[in-house]
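First the structure, in the form of structure tokens, and then the observations on it.
Just so it is clear, A, B, C and D label the chains in written order, and each chain counts residues from 1 on its own.
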Amino acid sequence: MIVVMKPGAIPQQIEHVKERIEQLDLRWHVIEGTERTVVAALGEKRDGAKQSLELCEGVEKVVAILAPYKMASTEVKREPTVVQALDLKVGGGHIGVIAGPCSVESRDQILEIAHLVKQMGGKALRGGAFKPRTSPYSFQGLKEKGLQFLAEARAQTGLAVVTEVMAPEQVELVSAYADVLQVGARNMQNYPLLEAVGASGLAVLLKRGASATMEEFLLAAEYILKTGNTKVMLCERGIRTFEDHTRFTLPLASVPYLHQTTHLPVVVDPSHGTGKASLVAPMARAAIAAGADGLIIEIHPNPEKALSDGFQALTPGAFRQMMTECRKIAAVMGMHMGQD
Amino acid sequence: MIVVMKPGAIPQQIEHVKERIEQLDLRWHVIEGTERTVVAALGEKRDGAKQSLELCEGVEKVVAILAPYKMASTEVKREPTVVQALDLKVGGGHIGVIAGPCSVESRDQILEIAHLVKQMGGKALRGGAFKPRTSPYSFQGLKEKGLQFLAEARAQTGLAVVTEVMAPEQVELVSAYADVLQVGARNMQNYPLLEAVGASGLAVLLKRGASATMEEFLLAAEYILKTGNTKVMLCERGIRTFEDHTRFTLPLASVPYLHQTTHLPVVVDPSHGTGKASLVAPMARAAIAAGADGLIIEIHPNPEKALSDGFQALTPGAFRQMMTECRKIAAVMGMHMGQD
Amino acid sequence: MIVVMKPGAIPQQIEHVKERIEQLDLRWHVIEGTERTVVAALGEKRDGAKQSLELCEGVEKVVAILAPYKMASTEVKREPTVVQALDLKVGGGHIGVIAGPCSVESRDQILEIAHLVKQMGGKALRGGAFKPRTSPYSFQGLKEKGLQFLAEARAQTGLAVVTEVMAPEQVELVSAYADVLQVGARNMQNYPLLEAVGASGLAVLLKRGASATMEEFLLAAEYILKTGNTKVMLCERGIRTFEDHTRFTLPLASVPYLHQTTHLPVVVDPSHGTGKASLVAPMARAAIAAGADGLIIEIHPNPEKALSDGFQALTPGAFRQMMTECRKIAAVMGMHMGQD
Amino acid sequence: MIVVMKPGAIPQQIEHVKERIEQLDLRWHVIEGTERTVVAALGEKRDGAKQSLELCEGVEKVVAILAPYKMASTEVKREPTVVQALDLKVGGGHIGVIAGPCSVESRDQILEIAHLVKQMGGKALRGGAFKPRTSPYSFQGLKEKGLQFLAEARAQTGLAVVTEVMAPEQVELVSAYADVLQVGARNMQNYPLLEAVGASGLAVLLKRGASATMEEFLLAAEYILKTGNTKVMLCERGIRTFEDHTRFTLPLASVPYLHQTTHLPVVVDPSHGTGKASLVAPMARAAIAAGADGLIIEIHPNPEKALSDGFQALTPGAFRQMMTECRKIAAVMGMHMGQD
């Protein structure tokens, strides 16, 4: 840490900072600049130290030097992590496509869609059984019934099942049916949930919170990694900004940024990231071109009749075309995607 | 709802929209404009209808007319709700002040602060026993031990205890010690938690999520109200924006806006809302002047040694001065605040 | 427009709204809903009408139905506009690449870079002669001298010159040297400037303001189009959000959105859009995959010694590689890009 | 500046950074930390140095220590600047109220409003003669005619005239009539305009751009101060965020923050800052409680018929009540406001 003193800081204040640094089991190093003095605090311990020094009199600000996440960092592990669940492979040159409806609505619906996904080269089936809905008056999901339908779809197609879990006490039940546990954007900082999905040992798809910084996103992943579970996929699904022509703003620069920062693979969700079916395919292509390791796409045989989020679901035909285009871009990128 | 057709929409598309409206158990009403046609959909049912119509061919957009929350709305209940817990009264002309440390750190610390809060006119003691921390390497709270210290502080001072609960399975334990359950900003859309705190029957302090709109905030409150628990305080604690000179941006216009929209009382948290001790008192004064029904303030006898968030904690002296200033502004506003 | 009345609106208030609509030379149409009444206002005139109706007593809100831009809209002109300046072609299947340094720093520098750009398939040379700088203490550009160097570079290479103009009184001077006038993000709503560049008759590269909505962006273009100058390229260069790992957030969904909304071509600036050289190539690829009609890229033979924005400039080698990758993706997209 | 090296930085890279620092006429100072090395760069020169060092190989990031603005800083001048124009006094314990319509619409309108403002204790009259409008189809102002009406209103009432100037070439004309030149939010970074209003020698009301940071805001002020004109009032008028229940988000913490950072006075604009007449008075009160040195308020005798922004204008009655409330809060704050 670098402690920047105020311009008029007096010697006693600098002394106090040095003492405080020692109490924190760190070493200090004073640098006298032209207009102000700076004190470096060196050593391993960090928690609470920054704020403590920020409060010393005569201190203007404290600048942290080290990233606070460790296990997620490329500094700890350089080679990319590949997350696998059944035939789904995400990372290390493999682009995995997860597709399905927003919600599991019926046995027939999910089986029909699963076969479509399989046929078009998807490797995992998404579908919400427990649905977090903004309004308590909206459809809340089929719950365990929905999980059973998903498992049946897996039995018929071999697709891995990706589904959301909303609370620690649901983890056991959902784990009995799912191959990948999804943590939704609203729950990215639900720490008891992160610890519970970590402890499940299953692969986890962690969605970025709508106002989470990259540091917060990686620290959320760190909660899972700390349980010993390294099968974590990061999912960029858009952030909340002032833009009103899309549901969220999908910032694809997070893909190459994360590849430089972490070894964990990055999946992009252009369905939630735009909230408009007509923008999904262009952003799926762009995600692959930016280097994404996976896509998660909402599809529905009849979006007009979907019980949730139909406005952002692709029809089977549109999904087929998207897959064809994305595969060509994946080839340019030297990545494997589906079928082959 | 108002369904706006595209400029070149053909009669068959308008017919299809009308049929779809009927299938949704709504009535339609067509208006031919100069440049395009608009179809109003009238009636009670709304869930899923908007998106379904948005997907019909030839439709440009669908505009919702009614607010989706009901029980929180001033349309349902005009007179302000007053939330009470022991001597804490929030709403209806009463400004309740909740103060205390970010985290309960030790028995001595919380007892010392509790007496300070009491002496300066606060009516409730805040203090985290279960702490949601961005980093898994940060101090996570004293857990049940911390709750016991809070209860002891209440026994000595009579202050109501306000403390955060992070997961549904913690509700029972925390309810055994607390008078008010706090739902943190990160958990504003943790629906199982909202239902669990609602079912506890205790008063709830619901913090606004850092990127939640007013509609999402009120719908989160609606999840609690729907359990039959009407003791809900809304807490504005700042939103995430591009501003970097404060930790969050504290948008006080939400106070008068909420007073026009809901009967629930509004508490302001200038400590998290600014993240800087030197900005807390001015924003506390501004909150009262904007009409806030309560304040929640972080204080610490020695902020430099706090285990969390010390940089935004007021010293006892600064808190005393803030209370004096706020009381004068409350008097101008014709509001009761503390001691009297 | 749709005027939504408050739940308790009384007949006199509705009458007043109807009268007001008539005074505004519009026609009214009343729709009685289950919970509230809605009055449609039909006709051509719009300016000021919305706000006037919003202020009538008993009115909750007024919803506009028509987009406020006209000449930029695909409703007015369906076929894509192709903007051409010398060999630069942007739109209608042609991807034009504009590249060069942030600032013109010297004759040698700009000539060296111009030859590089030409050699690698760029069709236009960017370079700032008048530089808008956040700080008055930063390098402000070589001014007319810089323009002369740009013209000399054009004479040697045939590249079109793209350079920024900052004030209406500079338009005449800059037009004497430039082929394309750039309006910077800070000036997107500088209306006298928009009118002056429109009147110049030259092609215009209009950058999106850092907090401009799509509607504001298109209305800024409309100011130029209204002068009769239709050679307008829209440039997405990133928006300001809470993200702090990039300089701006580059929201590529604006590319397909604009293609659905306007006939004007869309250029993407991944240099300013990310502010980090290491993220430029992935986002350039992603832009092409999203359908962009052009790229504007900062390059510098020695970024470490650039007088401005070196941190986001590509080296010649990195630019060459980016061009190779982008050309492959353009081929997949069926677009022409450079050399051929 | 603090240059943070990457974890694996090799000695040659550190040597190169040291050389580069010397080339930049700065001194270096190396600090070896536990996990990485940090090099401090000490001395006066800063422009371009940061980015140049950021580009050296092995460098992770460069952290600036000094604020880039000088003349605006409290480090240069501690006592608050009081800006005066006729009877308007802003700063140093004086709260100045500027009020009037969004646009000057007619002689009668502006004279009527001027007398109202005078009577209720306002000290300056606002009114747009040159109007920056988002749409080219909206009313653009009465131009010089409007300025003449404003001057006549001043002659009758003694109020100072505050009006916007949109381009450098308008400064001479507008200066012939105005007492305070307003630079609008859209033009906050229009540098030729900042220099031109500075050179006019008149007092300047500089509005914060909708996505400007505090640093950018102060650097814009610095452009004016650098001309030798110190009569600069900073105006907080709201920022663009995801919030959709107000037109902008009004972040009042900027008031105390600016008071700690600069000697320039701070005016708040709750009319644009909220965009809703019903929220203006609460936010005006809050602004005073937060320490604002002035208010700028839109009023209209008949908001329903205003040619622009009527939805945020107060009626004369509402303005009177707001003034009464604000005066009481000003008294609590120990500030002078109006009449006395």
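Side notes on the structure shown:
Here is the rule we use: contacts are C-beta pairs under 8 Å (C-beta built on N, C-alpha and C of every residue); 3 or more make two chains touch, one makes a residue touch a chain.
It should be emphasised that the depicted structure is a prediction, and the values quoted were computed from it without experimental measurement.
Interface residue usage between subunit C and subunit D, two copies of one sequence, is largely shared: over half of the residue numbers at the contact are used by both copies. Relative to the C-alpha centre of subunit A, the farthest chain centre belongs to D. Centroids built from CA atoms put subunit D at 31 Å from subunit B.
Computed centre separation for the pair subunit A/subunit B is 26 angstrom, with centres defined by C-alpha atoms. Residue numbers of subunit C whose C-beta contacts span two or more other chains: 211, 215, 239-242, 244. Within the complex formed with subunit A, the subunit D residues making contact are 2, 4, 7, 29, 31-36, 38, 40, 42-44, 63, 65-66, 75, 240-242, 244.
Across the interface of their complex, subunit D is touched by residues 211, 213-215, 239, 241-246, 249-257, 260, 273-274, 278-279, 282-283, 285-291, 325, 328-329, 332 of subunit B. Contact residues on subunit D toward subunit C in their complex (touch as defined above): 20, 46-48, 51-52, 54-56, 68-70, 132-139, 166-170, 186-187, 189-193, 209-211, 215-216, 219, 222-223, 226, 239-240, 277, 303-311.
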